[in-house]
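What follows is a pair of complexes built around chain A, which joins chain B in one and chain C in the other.
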Partner chain A sequence: MSPDQHPPARAASTFTRRGFLAGAGALGSGLALAACGAPTGSSPTTISFYLSKPEVIPYFHRLISTYHSEQDKVRVVLDSSSNVPADFVRNRPPDLGCWNYNFAVAEFVNHGALSDLRDTPQARSINPALWPLMRQTADYPGRISAIPYSVMAEGVIYNRDIFARHGVSVPTTWSELVGVCERLTAAGVTPFFNTYADTWTIAQGMFDYTIGGMVDVAAFFGGLKQEGTHVGPSSATSFSRDLAAPMARMVQLAQYSNKDAASRHYGDGNTAFAQGKAAMYLQGPWALGQIALTSPHLNLGMFPLPVTENPSDLKVRVNVDLALWIPEASPRKAAARDFMAWLMQPRINDTYNNDNDGFGSRIDAPAPTNPALAGLRKYYSGGDFYLGPSQLIPASIPVANYAQAIVLGSSPASQLALLDADWSRYAIRVA
Partner chain B sequence: MTTTSFDAASLGARPITGSGRRRRARRPGSANWPLTIVLAVCALTVIVPIYVTVSMAFKTTRQAVNGNAFELPAPFSLSGFEQAWRLTDFPRSFALSVFVAVVAVSGTVVLSAWAAYAISHNWQRRFFRWSFFYLLAAMFLPFPVVALPQVKLTGMVHLDNPIGVAILHVMFQLSFSVMLFTAFLRSIPGELEESARMDGATTWQVFWKLIFPLLAPMSATVGIFAFLASWNDYMMPSLITSNPQLQTLPVLQQIFQTQFSNNYNVSFASYLMAMAPSIVVYLFTQRWVMAGVTQGAIK
Partner chain C sequence: MAIAPLPTAAVRRSGFRRVEPTFYIFLVPTLILFTLAITLPAVMGIVLSFTNSVGFGTFRFVGLTNYQAAFSDPSILQAYGFTFLFAVITVVVVNLVAFLLAVSLTARIKARTALRTTFVVPMVISGIVIAYVFSYLFGTSVPALATALGVGPLEQSMLATPDLALVALVIVAAWQAIPSALLIYIAGLLSIPSEVYEAASLDGAGGWRQLRTITMPLVAGYIVINVILGFKGFLNVYDIIVGLTGGGPGTSTVSVAMSIFNGFSGGDYAYQMANATIFFIIAVVIALLQLRFTRGKATF
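== the complex of A and B ==
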């Protein structure tokens, strides 16, 4: 992990670059310390396990005690509170990470701070359709830096009882969707409950769903990367050009929203939807548990948002909710791999996904049994999915705020032009 | 907020007695209604959030997310406290927070009192004057600016633990505290110290037997500021402490705030448990805090 082995930094911020140079400098002393801490004889190796999803901490506590009862070579300490970038800076990263695979982890992947897991049987067991998604988020050439553990599939959550009461069925084309909305509105039912006060809910929902349903997300971002610093009104690929049609759909969708959307937060949305105040809700499966806090027995279903007139265009938005990785700097890679292999066993991995409404990442993983997710199964197993575009735009570009401006009445063209300008500036910074 | 209302009270209290003597005497029992109303509104800004915190803490999760924050808990539930206790490993994290705060408070009071004593008695010498300005300059240096080097350095010298956090808390509290002590020390007449010297006291004795007891009100102020800064700090322990089992309470509480889930009852129960010491400390020491602040401010 010396600096000269790094490829030209692609998305480096000064923060991590400095951190890694410093980390490389201290590698020698780090290894020396590691040698001191190496296990002697039969005493167990203690590894630290960082989990980025606070909701499942109790769940993983139970998993870890099961793991401890099944073997005595490795002891796992669960950590959800450390600052992982700081751990990398002082060259003492967690031995095994279990993170939401997004921009937060991209820097570590792009700089080669995570070890190659290509030779593990777990890497070979992964559904091949997921690798392009993993590479889209972050990639270090020639390596498998992380192994997907759980995938979340997102779409429109709908209240089956409200749909049945008003005689509407799940739409598969844009005009059917508009028809459903008109019919519900005429019957005095709010079609969509939106929560504009939390900008991420717009980016994750309307913004991503309309784009993903109309545009080939991977090709679009590939085109943007090629344009580099020239993204703008005259380039072959640009936000203004390619996203104008989806944004027009988004503006149209926003008309079928609850009147108080501008002041509603995510938590309000869960409560209101659970109370049957709207027929549809643009959220992922994480909201199902929150809705169940208020109404545990609501009859819910999910479907991908139709944005075109062709039912075969239907796709679901996915994100790699948890991925496992082992840092290069970890002196206990073997023990970390042992725990990773244990976690990836079908009996553990599938149970986790089923209990937490996630889709499996292995080729042979069964779909989750929650009936609410049934409507998404065939799209996930058929590979009809895309990564949320808002997750592929660097965090330094406030895309969620731009999406909020559009749904609150700003012209899409001006916000997309802003995105173009931001993207080219970002490309200049990281070039 | 409390400071504001307290200031208003003390400011308002003076005109009453002053004008009472000069103009028409106000009967002792009559109230100043406009001021009372203003103060009542100010008090509400403190009481309402505390009411929500307390009532949320005793709700069930189901009631906590129903959107009516002002409802009384029904049914009354302690499950929030139980979960918060378990998830933060409360006894351990509480003890660590107390440890960090105690070291930070005692370190700040002693070190800055020493420094202020040395500086104020050698003000005519350039070295001491400049060291005062040097310490003051640190007030313009927020922690985030030096966070990365600090992370790196504490890691290298094995201070990536609560002791390192406490030392850094002392360091960052030093400049403000030295300023307060120095201002206060100038109001102590030099003759006092001269008389002690004539009786044969050494510098050490003068400081501990004479100056430090006289500094008591200001020490209380400095101590309280240091306590609050240390007790409520999130960023420094989260960056500096590398072992998750040695983490302080505010950092562990972040697990209750996530983008995708709301467990208001658990979070508020946990906040209540963490707030309790600050509130208790303030209730018993607020007289000295305010006295100390005004004493440091004059002259």
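== the complex of A and C ==
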């Protein structure tokens, strides 16, 4: 860390965990707890690389072998099972993180635990439209704490053959969507396959899609921040007030679900959808590969969920599926940057995104070629996207569980009131 | 075994130095490990519960703020309510079933050893594996069976309705916990000399009367141990809930241990440390009660 990048001077009454640990360590003096060996000149530097996306672990193992075969200064050890927040607590974070950029990383960013990457050529290569999304999730003023690697665009996955068989086309308004569902139901086809047993599938699916399709997500969260600790029935912005309409849509959508949704998991959903047990599936492109494991040649497409009567409101949910970051506490930043630069090369980055149905994060990145994603491409390139609201709520607020309660029959008003109260309490705690 | 020399008046004055050093040699490694792995982190956790730490970086002391917030947080109170309800119900179910099983399995029945072995099997299976197996049973097998038999309420997954989810969790927790309680009860029952029963039969006491006035009082100590150890264990319930309901439906089955652990990823580190400290104090109180009870029954 160079002097001009220091965080604001600490107040006299603040403590650091490191100082605290040093004090605690003194208590157990003579007992060598950890001896971090500094890398010696000739032997390669070994860095730890944490990956949050289980689907691409084998893919990254192959990438790492390629990297190893192209140079011998840096050795990379892939880890996808450690508890990264706990490793930050122990002051032993990974050297390079490749993580879903959501609330889980937000704490590290907001507290300045990630190093500044402004001066890297990779930071300059990023599509500028992505920085507002990055900042909306988490921000440490004046720093670029993470570099987006892959962006996923999400919507409704639909089975083109089932649509064609029943003479329905892709809906662009809410009433058209209801019409499609009614027509399919009348023909004995389940419109949506839902998997409520895995709460995240509700949060990223119905919950986020109905909100993002109706509400300006960035403005909504901006308003919540302004309300601070007073989010509730009487505030200008609140979950109760602003999300009531989307939740009513969600409840209506839940009626067009498979009957056993309450006990189905994500894996069940992929298998069932692959077997043609429903016409639509509210998932991101990560599910396409899983569906293909059962039915490799299914004719699939995607479209943004229409929630209003105006087709120009159509937007896709996006999330920065992977972003690269290097913790301040890493003693091997240079080696980590070397591997990061290698990963960000167009030949590696573009191939990764195309192979895994992601949209590129660099200005010059091509769109993925998978035909299933064609229906989302124009929304992504036109900037008609929003970050999943469930990803912008702190993890200590169990929003996915609240969404589950709603689709299982609780009143949306009661769950939204819980969200308001949780949000205010959280704001008080972190104030 | 090394025995310290007989205490005479002269030795007693310098008592400490005369203790066989072997005892200390045995003690020290464990003491160091325990201090480093348990005591030190626990003390650090308690100290951090008075701060606004997110687990790393800078922090400052905020006094009792976290504790005040925890006591007025409905989600934490709900977790305590659920956890205690779950622990009480499970303890009753486990001990009732384990005791009755133990009585049957110490009687002179056929295939006694084989049956005992069978009943102990759940003890060696990890909680998360049990949870996933039962998750399939509750989510797929039970609804299919209920639909075939026309049992309306069970046609939906038990895990999807708050009250039935509690029942399902108790069933699974009990299934897993009964073996260890069973073993303790069998040991207790075998420790009762058969002469007592013979004398009782001569006096004309029937099976029920023997159970009530001989067996029960003589295994009372074992019942106390089982109830207190079981209760303490069920308060810490975590893995089977994560595997079965993930805290759902809604947040109706979030246990205290789950809410504490979620603090790690939610930036609520210090806040949940306060919660953990409260939980720790409760555990200490229960442990003291246990000591008191078991000491009182030392001659069972």
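Observations
To be clear about the criterion, the second predicted complex is superposed on the first by the 380 of 431 C-alpha atoms of A that agree within 3 Å, B and C clash if a C-alpha of one lies under 4 Å from a C-alpha of the other, contacts with A are read in each partner's own complex, and residues count from 1 in each chain.
Rule of thumb we're sticking to: contacts are C-beta pairs under 8 Å (C-beta built on N, C-alpha and C of every residue); 3 or more make two chains touch, one makes a residue touch a chain.
Not measured: the values here are computed from a predicted model.
Between chain B and chain C, more residues of chain A are touched by C.
Applying the stated contact rule after C-alpha superposition, one finds that A:E55 touches chain B and leaves chain C untouched.
By the touch criterion stated above, A:V77 is placed in contact with chain B alone, chain C being left untouched.
Residue contacts after overlaying the shared chain place A:V89 against chain B and chain C alike. In the superposed model, A:P171 makes contact with neither chain B nor chain C. Once chain A of one complex is fitted onto chain A of the other, the partner contacts of A:G267 are limited to chain B, with no touch recorded for chain C.
In the overlay built on the shared chain, the residue A:Y402 is in contact with chain C alone; chain B does not reach it. Using the contact criterion defined above for the overlaid structures, shared-chain residue A:Q290 touches chain B, although it does not reach chain C. Note: residues 15, 83, 86, 89, 91 of chain A belong to the chain B contact set and to the chain C contact set alike, using the contact criterion stated above. Those residues of chain C lying in contact with chain A across their complex are 32, 35-36, 40, 44, 47, 51-61, 65-66, 69, 73-75, 135, 138-140, 143, 156-157, 159-161, 246-251, 254, 262-269, 271-272. On the side of chain A, the complex with chain B involves touching residues 15, 18-19, 22, 26, 29, 48, 54-55, 57-58, 77-83, 86-87, 89-92, 200, 266-268, 270-272, 286-287, 289-290, 293-294. Across the complex, chain B meets chain A through its residues 61-62, 65-67, 87, 148, 151-152, 154-156, 160, 238-242, 244-245, 247, 251-252, 254-256, 258-262. Interface of chain A with chain C (complex): residues 10-11, 13-17, 20, 24, 27-28, 31, 33, 83, 85-86, 88-89, 91, 103-104, 106-108, 111-113, 196-199, 260, 262-265, 329, 394-398, 401-402, 404-405, 408, 410, 415, 418, 421-422, 425-426, 428-430.
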